[in-house]
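The following pair of complexes shares a single chain, chain A, combined with chain B in the former and chain C in the latter.
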Partner chain A sequence: MCGLTLLGALILFAVIAPVFGPPDKIYANGISVRGLPLPFGSAHHILGTDSIGRDMLSRLAYGGRTTLEFTFIANVTSIGLGAIVGITAGFLRGWAELVLMRITEVFLSVPTVISGLALASVLGQGVLGIVVVVTALYWAWTARVVYGETLALRKRPFVEAAIAQGVPSSTIMRRHVLPHLSSLLLVLAALNAAAVVAIGAGLSYLGAGVQPPTAEWGAMVNDGQNALQYMPHEVVEPLVCIILTVLAFVLIGEGIARRGSISLRRSWLDI
Partner chain B sequence: MARYLGTRVALGVLTVFCVVLLTFILMFVVPGDPARTIAGPRATPQVLALVRANLHLNQSMVSQLGNYVWGVLHGDLGVSYVQDQPVASLIMGRLPATVELGLAGLFLELVLGGTLGVWDGLRTRRSRVLAVVNVGFLSVPWFSLAFLLLLLFGYELNLFPIDGGTGGTRIVLPALTLGLVGMPYYANVVRDAMQETLAAPYTRTAVAKGLPRSAVLRRHVLRNALSPALTMAGLDFAILLSGVVFVETVFGWPGIGQLQTQAFYNVDRPVLMGTVVVAAILVVVATLAIDLLRMLIDPRTRLATR
Partner chain C sequence: MELHEHFDREGSAGLTRRGLLRAAGLGAGALYLAGCGGTSQQLPSSSKQVKVAAGIPGPPATGGRQGGQIAIGWEAEGNSMDPVIGYNLTSWDALCNCITAPPLVFGAAGEGPYPNAAEQITASHNNSVYTVRFRSGVRFQHGRAVTAADYVYSWERVLDRKLASWASSYLYPIEGAEDVFKGKAKSIKGLKLVDPMTLRIQLTEPDLTFPNILAQPYMAAVPREVVERYGTNFPTHVVSTGPFMLTSYDTAAQTCTFAANRGYFWSGLPYLNKITYRWGASAQTELLQLEHGNIQSIGEGIGPSLVPQVSAEPSLQKYVVRIALPAVTWIGLNLKRQPFTDVRVRQALNYAVNRAQLGRVTYGTGVPWGLPFPKTLPEFPRTATPYDYDLERAKSLLRAAGAEKLSFTLTSTADDPNPSIAQVLQQQFRAVGVQMSIDTVSDNAYDTATTNKNFTAAPTHWYQVQPTALDILTSNYTTGASSNYWNYSDHQVDKLASEALRAPTTKQSNAYLAQAEELIKRDAPGLFLEAINFVDGRSPDLENFHYNVFYGTYYDRLWT
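Now for the complex of A and B:
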């Protein structure tokens, strides 16, 4: 419940972003006489300004839009791909299982951030880049969990009955297996979203994600890190936003898991 | 046993080969001309052709792949486009710093997570502390935690040097970041294992034959409860060795992760490929080594029963 409220607040913050003014406008009064950005709590810029005099509040809100956008798309694609591979491998067994799970294992054995950088250098940057990188690197985790669960489901009487009746495999997977995986998939999706927010912001921080003119929290941290000593608000504010968003998704995931008594031993956030 | 071992090794080699293949294809299909990168924008066609011939870029894709795989088998990962040094020696040069940070981080993870897990496992009711710590640290991504620690201990309290590099107390903050991020995983695993061993028949036997509480805990409970954490630590170490990009970037720690970031900025493909391949090899070797080690230590996991 806490998680949903938090996520709702963040979505609201991102939706009403235009209220706070344009994110790219460089305010003439946004830089102090000494050439420094305005600190937290200034009169016209409540959260201060960044190093070239843009309003932090507005940039944070637009950054929220960017984050929610890539998180939503990348989450759907990676969970979707993982679920399809996992169910197919677990249900069909035989050659499909052997090949699909071997591919899954290959993707599980490449460390995320390093391969993310390598992939980003190939695929280019921006929201689309993050989506592709995240999908390529995260689908395998879902696939492995879903695969294990499908193996167990396959032995359940209603599935065996359907097989014995000669119902086509694709129908069984869609009508009998998938519905029983729904709460597991919800938990996976929530935890995966938390990981996507973190890795997306991280890649943008390294310069391999969303690129500077676009407002994005990780990129804002990168912008502000040179003035860390004098103006920590430039780094702290986007960090707080990132942490709150990840927290919202983790809480949602834990909440659903507790209700459905699903336990995932090793969590997902190994980034 | 020998057959099982053979299968496992073969599958590991296959996995590494697939990673090599994937990275190679990816790097091959990218737009952009490596020869142009090396020779500069004003190079004549003759110079470009010479560079291509030197790097064997004028050969077919299949023969280039063959060369690369052959090189990997001999520990040769190609030559960096930018730094004009073999990739393998670049990685080796960064290895000491990464090993140092990896070991320190792993140590902190184990100590912090293990203590928390044992403490919680010994309670009859699950404490809320562990749940809060779990959610809390799971929600703070690596680079966020790194920045928060840097701000708090480096800038506000002035406890540690913040100028980057290795040596002295510079390792404390990056290692602490790794330790805190890894802590919840270990705490969970140790807690679950503690509950399992405390309820196990051999613990009951030990108590029943009148062993003092401390001896039961030390000899029977802890030894069994810590073994899954050690298994996890093996894989973790492989991942830490392959470079912790965010932590190294934030703290300016000159390890493999930083090499990787530089290679990314310079579009230095051989270095990028090399680090990914080395990382994959480390993970595969670590997984195999852990399984074998566990079989050696813990007779229950041996395959004789199957």
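Now for the complex of A and C:
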């Protein structure tokens, strides 16, 4: 419930972003007479401004849109791909299992951040780049977990009965196996989303994600890091947003997991 | 500061200005800090006033106290203390201000050059022959007297392919120099010893700017016997004629020291007994060291990312001095790519730039400047007026060009302050209906893109090393110039450049250059943004601090 409430608040914050003004407008009063950004709590810019005079509140809200956008898309694609691979390998066994699981293991052994940067340099920057990178890096986690659960489900009587009756494999996987994985997939989706937020922000922080002037929390942390000593709000504010979003997804995932006694958090957030 | 590129020439064994700046880690808006502060270890200073020789070029040098020492912090080690090899910021500072004393030197604001180790230079035959009489009494730091033959040896050494000097091409104006570099001759044909202290220099063609080359550190004399004795170790045992001599070099400890040359030909100088260079610290650490008195100067300057911090802290203001440089920054436009094939579009964008707003996000490291040549040029009879901020005119030009909905990509690096400038420009151009996307790439990718002319627009900058606009003109704006990545070509500009080079006097040369600036402004091969300032930092304990826009701090006349 806490997680859902938090996520709801973040979504609402992103939805009402236009209320706070455009994210890339450079305000004439956004820079002090000494050429410095306005601090937190300034009269016309409650969360302050960044180093070129843009309103932080507006950029955080629009940044939330970008973050939630790539989180949702990347989550769906990585969970979807992972589920397809895991179910296929776990149900069909034989050569399919051998090949798919070996591929999965290769992807699991790839270091995430470095590979992400390398992929981003090839695929280009922006939300699409983040989606493709995250999908490529995270589907394997889902695949492995789903594979294990599918192995167990395959031995269940109703599945064996369906096989014995000659029901096509694809139908069994879709109608008998997948529904029983729904809770697991929900948990995986929540925890995966937390990781996606972090890795997406990390890629933007490293310059491989969203490009200016698009507002995105990770990129905002990068922009503000040089000002950390004298204008910490430029870093602290987007960082808090990232942390809250990750926390929301983790709480949701743990809440669902508690209902089904599945504990996956540690491995999931080992980025 | 790599203020040592004259003309980027093709086929040089040396580096382009781009490569030198990149090697020193400098980007757009790089700052030079060369102040000196009080001594970290206070030695007793002599209270006796020193009698200083008359006629020293540059700022006032009298009235100081001998003694004391200073330490200067650097991020990077010098690439070499050999005058013909050293080029990065640390080396350049040491060579110009400690180790060498070239025949001529520029004034503090870039004027001149003036006699230094040379007593007199006379031009004849329409500036195609220069006769240099060297000053008697000039001695190498190990004691031997310098003669004109030492300069012949030293200049031939610049052309030694084994040394791969970046400066070799700058001697090509001397007849026979290129043949020596190519191995076709053993000695420079155009150098003739008139007497032991006089050298006659025959150029391949008239060149008014040749004396500027004699003001460079690689033109200082080095003793053959020391070079031959130390061989490849000469850089760590360098001997020349400057006010300070290298006395120790410890790579492991990341430090080197210079002691006062008490035989310096400008008698009475230097005042300081010792200068220590310490390298390897980050910019932030150097700032802390400066605050705590561990160093008296940050060699490369306060990095662009630290300037806002310095601006924000009143306690740091006492260390800061801003100095206008003969340097500019602009956005280069590829004239062979849409939308910049139309001059009206280029002019329109120049009018769409609010340079005052840009200046606010660059923290005083640049001042608004809408012309191609540096703002500060000695004796320059400027006639062009800078582009100003005029939205209506910008829109009108775009309408006339039929280009009211444009888009293009700016290829930029992540070096400060490029990201800020790019985002500000992005919004400014939106006001005239132009969409600019930003492609942030690595330094290497940026170099490749611009060198191969595979870009549409890219930020760039130029730091002059001569007090004449020929420096920037012949490197960036003449047809086929080595840094002319913009595909800019105007035969009138080429003709004016040629005439400026051949002009009999500086006044006449500058008159041609002023005309060239008008034409380049009209053609707008770039979006001219700012004139660059240095944010210089030094300990307030220093006295008689002066700064030369080409060389750096005048250590010789500094005292504590």
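We adopt the following convention: the second predicted complex is superposed on the first by the 269 of 271 C-alpha atoms of A that agree within 3 Å, B and C clash if a C-alpha of one lies under 4 Å from a C-alpha of the other, contacts with A are read in each partner's own complex, and residues count from 1 in each chain.
As a convention for this text, a residue touches a chain if its C-beta (ideal position, glycine included) is under 8 Å from a C-beta of that chain, and two chains touch if they have at least 3 such contacts.
None of these values were measured; they are calculated from a predicted model.
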item	value
Which of chain B and chain C A:S51 touches, first, second, both or neither	second
Partner chain(s) touched by A:L36 [first = chain B, second = chain C, both, neither]	second
Which of chain B and chain C A:P232 touches, first, second, both or neither	first
Partner chain(s) touched by A:A201 [first = chain B, second = chain C, both, neither]	first
Comparing the two partners chain B and chain C, which touches a greater set of residues in chain A	B
Touching partner for A:E254 - first (chain B), second (chain C), both, neither	first
Touched partner set for A:D24, first chain B, second chain C, both or neither	second
Partner chain(s) touched by A:I114 [first = chain B, second = chain C, both, neither]	first
Shared contact residues on chain A - chain B and chain C	207, 229
Footprint of chain B on chain A - complex, ascending	102-103, 105-106, 109-111, 113-115, 117-122, 194, 197-199, 201-202, 205-208, 218, 221, 225, 228-229, 232, 235-236, 239, 242-243, 246-247, 250-251, 254, 265-267, 269-271
Interface residues, chain C side, partner chain A - complex	305-306, 308-309, 311-313, 357, 360-361, 363-364, 414, 416, 419-420, 422-424, 426-427, 437-440
Chain C partner contacts - residues on chain A that touch it in the complex	24-26, 31, 34-36, 51-53, 125, 207, 211-213, 223, 226-227, 229-231
Footprint of chain A on chain B - complex, ascending	11, 14-15, 18-19, 22-23, 26-27, 29-30, 135, 138-144, 147-148, 150-151, 155, 184-185, 188-189, 192, 239, 242-246, 249, 257, 260-261, 264-265, 267, 269, 272-273, 275-276, 279-280, 283-284, 287
